[in-house]
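Given below, in the form of structure tokens, are the structures.
One chain, chain A, appears in both complexes that follow, with chain B as partner in the first and chain C in the second.
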Partner chain A sequence: MAKHDTPLLDELEKGPWPSFVTDMKRQAETHPECWDILGQLELSYKDKITHWKHGGIVGVFGYGGGIVGRYSDVPHRFPGVEHFHTVRIAQPSGLYYSTKNLRGLMDLWDKYGSGMTNMHGSTGDMIFLGTRTENLEPLFWDLTHNLEQDLGGSGSNLRTPSCCLGESRCEWACYDTQDVCHHLTMHYQDEIHRPAFPYKFKFKFSGCPNDCVASIARSDFALIGTWKDDIRINQAAVKEYIAGNYPSNAGAHAGRDWGKFDIKKEVIDLCPTGCMWMEGGELKIDNAECTRCMHCINVMPRALKPGKEKGATICIGAKAPILDGAQFATMVIPFIEVSKENEYENVIDVIEQVWDWWMEVGKNRERVGETMQRIGLPNFLRVMEIEATPQHVREPRSNPYVFWREEEVEGGWERDVVAFRKKHAA
Partner chain B sequence: MAMSVEEVEAAMIEKATKSPKAQLYIKDFYECDSERGPRDIKNIANGLVKKGQMMFWSSGSTTMYALPSRIKNEEGAEGVN
Partner chain C sequence: MATIEHNGKSYEVDEDGFLLNGSESWDDNWVSYVKGVEGIGDLTEEHKKVIDALQEYYKKNGIAPMVRILSKTTGFPLKRIYELFPSGPGKGACKMAGLPKPTGCV
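This part shows the complex of A and B:
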């Protein structure tokens, strides 16, 4: 595989920032197929169209996911990328790798693939970019037997669950995200490796509403840590912040002089629900109005902490723009206990209630958020056997008609539609 | 009378043979036994894959089922992951 002229791509090497073009050229020194990626990409820039074809029957035996077939549609010009499959490697919970494990993975990929990786893909997996069909089974064997690691999910499967690092390093974690993530990964092996659903389904676990894995935007099922009781306030520490003795945001924005810390401007006035105030030199919070946005806690971590009665909020149905536009997940269950003791049984019950319904009524290639949109939130809540609360209401009603179901009206009613239609044809 | 697993498998293979399209969604198999739930149908379809009588075809974002005899190897299609 020879070097190609890439004047358009070479432009991307100019400027002060790192360039993937430079990286690929360096990689091509040991993996010449990378010259062909550059050549094909240059052609795409010229033709203004992709030259990749996706999909196919590539995979490893018994797995319906984890490998995404990719082929060049101009293989005669770029034989090095005739096959250029993507392999998804399940990441460890919280993305903790040992250097030994990383070296093992890189050696594996140098042996069987292009050596190019994407750390990490948007689902969370480590993505290995570019290999041939005949390399897949040996790679899978080495991955599972030597490194004891697994492929991630792709296709209409449960995608590799992902989580923030949670209790391992973060004092704000309201539940053990890594443990839930690992537990559900093991519990749902079949769903991860074999297609089960109308379309993809993603779990993401964040320990608090800072939502470091962006679960509310990027997962069909987001479990976001929260608390039920009051934010814990250390008034002495509040005074230290006001006096400028503690750096706000734990010094995270200390690179610039922002002037003296102003609790009114930086905390109280930015509280989205306006539920904070100072009284007699003390910070007060009307916790019933607090939406657990984390802002005040982020700014004054030594003074404020999440409450003690911890659990999580379940939001369902986020997705990227595929059929309709992108959407955030909808809050469905405001608070659920997340407990190791019962092996997360109550969380699992909610997941399976969603799946059972969606597998039945979801259309092909319809994300659960789209199915929810199609039937409407009131109907979805009925499916989930959840009573609507004010927090489920996004906006005042725009439909002037009120529809009652029989069980909602005292005495109910009996209706013989057949007899009615005999008199009043539809 | 309820259909046996073998009967459902036979109905799935027949559907995959006769369908105008080589690749079928899992939902297309639901009608092979309307008394069984989606999970059961999925497990039976995956059992056929294990036995080599059916294959997965994946676009990256969606996975479909097909008879090995009806799809060409290494055939890509436009799609997203």
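This part shows the complex of A and C:
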């Protein structure tokens, strides 16, 4: 496999940001197929169209997903990318690695693949980019036998769950996101590896409403940490912020002069519910009116902390636009205990209630959020055996097309028009 | 596109080994070929039941059935389908039945 001229791609070696072109050229020195990926990419830049064929079904025995097959539509020009399959590798929760583990993985990929990777795919998997069909089983053998790691998910199944780094190094985590993520990943291996759903389904776990793993936008089932009791206030630290001894937002805005910290302007007046005030030099919060948006905590992390009665909110149904429009997840359970002691049994119960229903009524390639839209939130809540509360809506409906169940209406639906005509002549 | 020779017969297939013209060229000889490449042991009545169910559904509806429907019509849980077809209902059973390659975000 020879070098190709890549005048358009060469432009992308200029500038300060790490250049993927430079990296790939370096990789091509030991993996010549990378010249062909550069060559094909250059051709795509020129033609302004992809040069990968449609689809591709490859895999390893026992699993129905985990590997995304890909073939070049110009293999005679770029034989190195004739097959260019992508392998999804299950990542550790929070993406903490040892160099020993990474070296093991890269030795494996050097042996069986192009050596090119994506660290990481949007869903969370470590992604090995580019190998041939005949390498898949040997790669999978070594991955499982030598490194004791597994593939991630693809297809109409539970995709690889991911989480924010949680309690490992964040003082706002309201539950152990990494442990939940790991536990549920292990618990649902069968659902990850063998597609059995109407469509894909994703879990994401965030320790607090800052939602660093974007669960509310990018997972069908989002578990977002929160608390029930009062925000913990350290009044001495509040004074330090006011005095300018502690930088606001932990110095996140230090790159520009925003003037002296003003607690009224930057915290109290920005609180979305207006439930904060200063009284006798002390910061007060009316916690009953607090929606736990995280703003005050984000601004004064050394003075304010989430409460002690921690748990999470469950939001369901986020998805990208296809087919019937983008959706954020809908709040379904305002507060649920998230406890290692019961091995997250109550969270698992909710998940299975969703699955039992969706697997039965979900149409082919219908995300759970679309199924919820189709049957309506009231019906979904009934399926979930959850009582409707004001928290389930942002505002009540404005149209009057209200359905009643027959048993809710006195006399039911069976009416006799003759009886009606006795009182009202036609 | 490629051609596969098996027991003197040839078949037009795509890169993933799916029949290009489906039921037209599908026959028992194709089944015995796929058996060899998809890690399938002895061909049993259960395999045939899955293949028949897939072909019947495809003929009637023009698409492959959802996994759940395949399980319902055959009475085999997904686990059993993987025991019969190690690559699963898509890559294994659909290929053997001569159905088109599954598409979408796989």
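The rule is short, and it goes like this: the second predicted complex is superposed on the first by the 397 of 426 C-alpha atoms of A that agree within 3 Å, B and C clash if a C-alpha of one lies under 4 Å from a C-alpha of the other, contacts with A are read in each partner's own complex, and residues count from 1 in each chain.
Here is the rule we go by: contacts are C-beta pairs under 8 Å (C-beta built on N, C-alpha and C of every residue); 3 or more make two chains touch, one makes a residue touch a chain.
Note that the structure is predicted; figures quoted are calculated from it, not measured.
In the superposition on chain A, contact is made by A:68 with both chain B and chain C. Contact with both chain B and chain C is seen for A:156 once the two complexes are overlaid on the shared chain.
By the document's definition of touching, both partners, chain B and chain C, reach A:364. Touch criterion met: A:198 reaches chain B and chain C at once.
By the touch criterion defined above, A:209 lies against neither chain B nor chain C after alignment on the C-alpha atoms of chain A. Contacts of A:59 after superposition on the shared chain: both chain B and chain C are touched. Within the superposed three-chain model, A:356 lies in touch with chain B and out of touch with chain C [touch as defined at top].
In the superposed model, B is the one of chain B and chain C that contacts more residues of chain A. Taken together, the two structures place residues 53-59, 62-65, 68-69, 71, 83, 154-156, 190, 194-198, 200, 359-360, 364-365 of chain A in contact with chain B in one case and with chain C in the other.
Residues 15-16, 18, 39, 63, 66-68, 78-79, 82, 86-91, 95, 101-106 of chain C touch chain A in their complex.
Against chain C, the residues of chain A that register as touching in their complex are 53-59, 61-65, 68-69, 71, 83, 154-156, 190, 194-198, 200, 359-360, 364-365.
Residue ranges of chain B in contact with chain A, taken from their complex: 25-27, 37-39, 42, 46, 49-50, 55-63, 66, 71, 73-81. Against chain B, in their complex, chain A makes its touches with residues 52-59, 62-65, 67-71, 73, 83, 86, 133, 154-157, 190, 194-200, 322, 356, 359-360, 363-365.
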